[in-house]
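Next come two complexes, and both contain chain A; in the first it sits with chain B, in the second with chain C.
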Partner chain A sequence: MQVTLKNITKTYGNNVQAVKPVNLEINQGELIVLVGPSGCGKSTILRMVAGLEDITGGELYIGDRQVNHVDPADRDIAMVFQNYALYPHMSVAQNMGYGLKNRGVTKDEITQKVRDAADILNLSEFLDRKPSQLSGGQRQRVAMGRAIVRNPSLFLFDEPLSNLDAKLRNQMRIEIKKLQRRLGVTSIYVTHDQVEAMTLADRIVVLNGGVVEQVGTPSEIYNNPASLFVASFMGSPPMNLINLAKPVTHKNDKNELKLVNKLFGSQDHNNIQIGIRPEKVQYTYDASENSLPFTIDYTEELGASRLMHGKIADQSFILSDTSETEVKSNNIHLSFPAEALYKFDNETGRKIEL
Partner chain B sequence: MTDMTSENPVILSSKEKPKAKKLKLSSIIDHSILIIGSLFMLMPVLMAFTTSTHDHVTIHKEGLMLSIGDQFAENYGAAMFEKGGFTETVDGLTMLMNSLILGIGFAVGKIVISVLAAYAIVYFRLKFATLAFWIIFTTLLLPLEVRILPSYEVVHSFGLSNTYTGLILPLIASATGTFYFRQFFMSVPDELVEAAKIDGAGPFKFLIDILVPISKTMVAAIFIIMFVFGWNQYLWPALITTDETMFTIIRGIRQIILAYAEGNNIPEHGQAMALAVIAVLPPVLIVVFFQSWFVKGLVESEK
Partner chain C sequence: MKRANFSNPWMPLLFLLPQLSIIAIFFYYPAVQAMQSSFYLEDPFGFGSTFVGLRNYVETLLSDQYRKAAIFTVVFTFLVSFFSLSISLLLAYKADKVLRGGSTYKTLLMWVYAVAPPVAGLLGVMYFDQSFGLFTYFVADFGWDFKLGVDYYDTATAMVVVAVWKQVPVNFIFFLSGLQSIPKSINEAALIDNNSGFSRFWTITFPLLAPTAFFLLIINITYALFDTFGIIDMLVKAVPANNPMTLVYKVYLDGFRGNDLGGSSAQSVLLMILVLILTVFQFRLIERRIHYT
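Moving on, here comes the complex of A and B:
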């Protein structure tokens, strides 16, 4: 089912505008991930789509139907909550069948559908248990089961994995992705975890303070961030940003800034930040014409890669190295491939095309 | 600082021996206090029972008895089945039934009313929900005893004297119950309501299918408290029922003594005591029965 948000806004009772006009078109079968820092309005948008929160302004369409004032139960959606929200006194089977029961589906049909869903989610042996007798991952699966039995046209997920430990989270993430592909149901997934966003999404919506910063595929978001915010939010470690307008305290910094400026060939350096991904930075032991001296303050060993932290013009700078050999000296020289550089306008925060 | 910490173990070890002795002494004292306390609580009940096994002449002459007499069957039989009172129409069994109806009606009524009130306050966007709650809460300051005359007037003018409705209805508004259920409902995660909404459960279904079942230990607890409270009501039943067939057992105890004392006979102390013992039993049974239920609720820990 297609979902369309037209100028959707939300103002809470305390006059906080949690969501500024949002426009979004979600295609049939697409998995959209809303990502952003805490309080940016992700849940608010999701809950407006679900009908759990009134829409202050704009129009919401699920399919061709405008659903601004339609009851949650009649929107043909299913939602998975962060704390699972299973009915504690009902068995797994009852939990999954409750929505069907309320819709007047016959007992036999409910049993059949619950069984099918349980098969898909490997829950068959737990059907008679109460939620309290299940592990976190199993509860999460029951919550998924409750969503899929009804065969809705839209799935909504609000940070469904954040109560799980890291390993289980990775596993469930893959399961959700597979399930979503298999069922082909349009989905909106909310998370504050950018890794989750990158791995799950067909398209990512990056939100900041109730405003959509960028909409794009994971690789577009990563390789072509539209703003300073997206650049610094997506990616772990985040993109290095050097503010050319920063007041200079040391003479050395001034030289470095000059050097950076020269390297990037920028003219008006007062209003610009330069960005480069840590893994795109190259280093050598000897100085060359286009290199910048760099002192490693400390090194973080991550196994697959190594993060070297230091400063350029008094601004923290990270470089990531995947080679197996350790760096022999703490004083190295960095060079920046031209195609890996980004320029951002300091005032608007938007990207400047190079 | 370092000095003090290094000194501490020394102090402890030097005190170790006398401490062990003290502990023993203090636990003896503790236990004596507990034993005396429980004797203090139990003796009246025990004496009521032993006294109830003697005939009324012995009791009248010698007062309360601690020995077990030979009149058990007679006294209890008479207390339960012999018609007494001025009109000779009411026996113990009827009074027991009346008390049971009052106790259960009182408890169930209070639970139903307070669940509904708390549900309205917590889950519906009422304009003056908080105000309404505080108004309900302040009724704690106005127990039945304070408003008994107007209450009597109203109930009487509705023609509800000497009916179970008149006996129960004016008592079932419950600030305490509403308060407890309100606190409990507020602790239920919002997502549960939202999940139910998406699952197509309306307000009534949510209440019956989800909220009430997850409150069942809470309901059990309030039921116990309220049943005992209702069972032990004295003033209101005394006022609103004049027909002896409507008497509750708590009233009956007194009535037996009065009825006989006003003739020139010796009051039937034995029967009165028997009735008192019988009157104590149902609340005890309810507590025992529901306690196992409580534990079950706790072990399953569904919340």
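Moving on, here comes the complex of A and C:
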């Protein structure tokens, strides 16, 4: 089912506009991830789609039907909550069948559907247990089961993995992705974890302060960030940003800033930030015409790569190295391939096309 | 639970002593005395007593008045528990949903909690009295000649109303905190699973409130049986006549007004047995069906 958000806004009683007009078209079968720091409005948008929160302005369509004032139960959606929200007094089977029962599905059909869903999720042996007798991962599965058993036209996920430990989180992330592909149900997924967003999404919506910063596929978001915020939020480690307008007092920093300025040829417009991904930075041991001296303060060994932290013009800078040989000296020279550079306007925060 | 180890075996006893002595002095000692005197016939002037065996029990159980009071007690307890529980549940459910000025409502509803039972009874008299009661004036306009202390059913009505009114705030506080302890997301999940508010209440909210409701049921039965004494005393103005009364009030009346200490003791022993049976019954039968998270 296609989902359309037209100028959706949310204003709370104290006149705080939590969500500024959002426009979004979600295609049939697509998995959209809303990502952003806490308070960016991502959960509010999801809850407005679910009908748990009133929509202040704009129009929401699920399929061709406008659902602004439709009860949550009549929107043909299913939601997976962060803390699972299982009914503690019901067994696993009853939890999964509750939504069907209230929609007048016959007993035999409920039993069949619950059994099918339990098969998919490996829950068959737990159907008679109460939620309190299950582990975190199993509860998460029951919550998923409760959603898929109804075969809704839209799935909503509200940070469903944040209560799990790291290993289980990775495993469940893959399972959710597989399940969503298999069922082909349109989904909206909210998370604050950019890794989760990158790995799960067909398209990512990056939000900040109630405003959509960028909508795009994971690789578009990563390789072509539209704003300073997206550049610094997406990617781990984040993109290096050097603010050319930063006032520095130390003589050495001043020199470095001048050097950076010269390297990027940005004399015409100084109020900008230069960005480069840590893995795109190259280093040599000898100085060359277009290189910048760099002192490694400390190194993080990650196994597959190595992160080297230091400072350029008093601003922290990371470079990531995937080669197997360790860096021999702490004093190296960096060079920046022109095609890997980004320029952002300091005032608007938007990207400047090079 | 952490297990404490005491080097001196008398230590735990020492710590328990205050509690044990209170129970012994104010419960076991009078209980034993009551059991003892229930087998004696007391001289009305307190000069002596005669051992009469089970005669006090037999007379009590065969008495018409006792049976009448017993039936009234059952009906009274049922009505008071039922109405005070259901009214307070309704109020708590509605108050829980109020967003604006919610705390004002809650405070107003809880105020009555601070009123002592005899004062509640006195307020009831002000309201239902035959010569100056507001309620009496009001219903007189509709042709109901309300006679507190004279008409059996009118008095009973006043008793139930005052007793319920007094108990609602207590139940309200417990129900409200019970409702607020249900995670918000469970209510939201139910909102997506079920579009009928009525059905949501009975299938999700009420089962999750069951532990609270069960606890309150016991509290309310105990209240209606024993703590309504002050209210009843004020409303019947210590003039029993044809008025309805509970078994507890009858114990007081027969013992201290009728000077029949033996018969009154026999009645209180019967009450003790009744409470014992009730407690066992409640915990054995009802508690099994209740889900505790």
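Note that in this section the second predicted complex is superposed on the first by the 353 of 354 C-alpha atoms of A that agree within 3 Å, B and C clash if a C-alpha of one lies under 4 Å from a C-alpha of the other, contacts with A are read in each partner's own complex, and residues count from 1 in each chain.
One rule holds for everything that comes next: a contact is a pair of C-beta atoms (placed from the backbone, for glycine too) under 8 Å apart; a residue touches a chain by one contact, two chains touch by 3 or more.
Just so it is clear, the model here is predicted, and its values are computed rather than measured.
In this overlay on chain A, chain B clashes with chain C.
Within the superposed three-chain model, A:287 lies out of touch with both chain B and chain C [touch as defined at top].
Of the two partner chains, neither chain B nor chain C is touched by A:302.
Legend: residue contacts after superposition of the two complexes on their common chain; A:174 is shown touching neither chain B nor chain C. Look at A:52: by the touch rule set out above, it reaches both chain B and chain C. In the superposed model, A:98 makes contact with both chain B and chain C.
Overlap of the chain B and chain C contact sets on chain A: residues 50-52, 71-73, 77-79, 81-83, 85-89, 98-99, 102, 132, 146. Every residue of chain B that touches chain A in the complex is listed here, in rising order: 189, 191-192, 194-201, 205, 209-210, 213-214, 216, 300-303. Touching chain A in their complex are the following residues of chain C: 183, 185-186, 188-196, 199, 203-204, 207-208, 210, 291, 293. Interface residues of chain A, counted against chain C in their complex, comprise 50-52, 71-74, 77-79, 81-83, 85-89, 98-99, 102, 132, 146. On chain A, the positions that touch chain B within their shared complex are 50-52, 71-73, 77-79, 81-83, 85-89, 98-99, 102-103, 130, 132, 146.
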